[in-house]
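For reference, the structure discussed in these notes is given below.
Chain IDs A, B, C and D follow the sequence of writing; residue 1 opens each chain.
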Amino acid sequence: MQITSAQYKHCDLVKPSGRIDSATAPQFAEALDQIMAKGQYKIAIDFSQVEFISSAGLRVLINTQKLCKRYNRGEVALASVPENILSALELAGFTTLFKIYEDVLTAVGSF
Amino acid sequence: MQITSAQYKHCDLVKPSGRIDSATAPQFAEALDQIMAKGQYKIAIDFSQVEFISSAGLRVLINTQKLCKRYNRGEVALASVPENILSALELAGFTTLFKIYEDVLTAVGSF
Amino acid sequence: MEVSRKPLIVHTAVFPARYESLASISQFIRQAAAQAELDSTGVYRVDSAVDEACSNIIEHAYGNRVTGNIECTCQIDDTALTIILRDYGRPFNPNAIPEPDVTAPLEERTDHGLGLLFIRKWMDEVHYEFSEQGNTLTLVKYRKPPKQ
Amino acid sequence: MEVSRKPLIVHTAVFPARYESLASISQFIRQAAAQAELDSTGVYRVDSAVDEACSNIIEHAYGNRVTGNIECTCQIDDTALTIILRDYGRPFNPNAIPEPDVTAPLEERTDHGLGLLFIRKWMDEVHYEFSEQGNTLTLVKYRKPPKQ
């Protein structure tokens, strides 16, 4: 997995690529933690280049969402989610916990 | 010329395509006027699909920029400007009047 | 286990029980799934179930000790892709693990239990066997009826 | 006017002096510019200069009356693409028009005068002729030296 991030005026964008599994989820968590450590809790995640996410990756998502939504200080939004990953999010009941946007522009523009 | 627009949390995005010349500049102006009529003065313009802009189009840009920057209430930012159009903007001295972003995401994220 | 199936193709590989093996296991599984002519959704789901099962073996059965192996066998016959995972770690009773509540509000949502959910929902058959000789997890994904 | 050039290719077209003609004029000009083997920047700049010149003819020479025409001739010879625009509207003295200040701050920037700037800067030669028989604007863009 590779991961890049960008900071915009009203949110940060994280773009992982490749597989998010038990081996790589810690790296994913760290990228998100770094953003929260700056006091930024509005985070868009671009899933367009993610090939696979396991429950270890979902665990990172839900824990980050809990931290971001605390005190109403922000939230995690997902964008450009490939079909198979979307069906994993649906099975896990995540589609009610995260706003999911068609594309990154709409996600970043929503913050 | 065709023109679409989208409203984000902190800015509006206008995407003209085709030629902006004396015949089509009024339509371009109207799209921008409509946004300002809503009280929105933060506007990103996606130039990626613009093939040509004449001084009539530049006139619309500068007049919109004047209105948007008034009272510090906003500004017009340009994104994804093709090379030839960029050199027209340079010749006209517009590159000091407008922020110009590599891509639409960065432009929208800047507001 | 269904002995009536005649395996046409069998692939076997042994991987060290470490998270770093997951990517190689995935490759091995995806190859077999492609050979079984699963569609891309089928491939993804088998990949996912195997990843979750192997992650559990590494984390729970071996408790993150770095010495164990996972033996992985893929069988493709006329009707199904069958994946057999063997480990020699701690046994457990999968029926004792409740399904997570995927409708709870955010604050009550636990961050555990989704792995078994993917395994259960995304495979057509799941069989666990625990014995002195090791633990065997058999995951079956039916193939589409072959084209006439 | 330089009479020494031997035109190899000549295209002529007449367009009604209305803004709606600008897109067709552009097509006509771009075809000639492509035939003259200008690169994409060259094509864009000729297109731009002609658009500005024709817009001026429509707006200023004819004052937006809808009856006039613009006669447009493209000549391609060994060295250049020459575009001749003829109209029968009001003459004017281009030398009396000052260059706009493109470094002024936003509030002092006028929204006029950029048209002539594009014509002057983006063509290699610009000749105006005004007479009883009409106004002629000749725009010349040099071609790259032909490949040996």
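One rule holds in what follows: a contact is a pair of C-beta atoms (placed from the backbone, for glycine too) under 8 Å apart; a residue touches a chain by one contact, two chains touch by 3 or more.
Only a predicted model underlies this, so the values are computations on that prediction, with no experimental measurement involved.
Participant: Give me the step distance from chain C to chain D, shortest route via touching chains only.
Facilitator: 3
Participant: Looking at C-alpha means, what's the farthest chain from chain D?
Facilitator: It is C whose centre lies farthest from that of chain D.
Participant: Counting only Cα atoms for the centres, state how far chain B is from chain C in Å.
Facilitator: Each chain reduced to its C-alpha mean, chain B and chain C end up 53 Å apart.
Participant: Per the centroid of Cα atoms for each chain, what is the distance between chain B and chain D, given in Å?
Facilitator: Comparing mean C-alpha positions, chain D is 26 Å from chain B.
Participant: What parts of chain A, by residue number, touch at least two of the other chains?
Facilitator: none
Participant: Can you list the chain D residues in contact with two or more other chains?
Facilitator: Residues: none.
Participant: According to the definition already given, which pairs of chains are in contact?
Facilitator: Chain pairs that touch: A-B, A-C, B-D.
Participant: In their shared complex, at which residues does chain B touch chain A?
Facilitator: 6, 8-11, 13, 104-106, 108-111
Participant: Provide the residue numbers of chain D that touch chain B in the complex, in ascending order.
Facilitator: It is residues 19-20, 22-23, 26, 40-41, 44-45, 47-48, 51-52, 55, 58-59, 102-104, 106-107, 109, 111-112, 114-115, 117-118, 121-122 of chain D that touch chain B.
Participant: Please output the residues of chain B touching chain D within their complex, sorted ascending.
Facilitator: 19, 21-23, 52, 54-56, 58-59, 62-63, 65-66, 69, 83-84, 87-88, 91-93, 96-97
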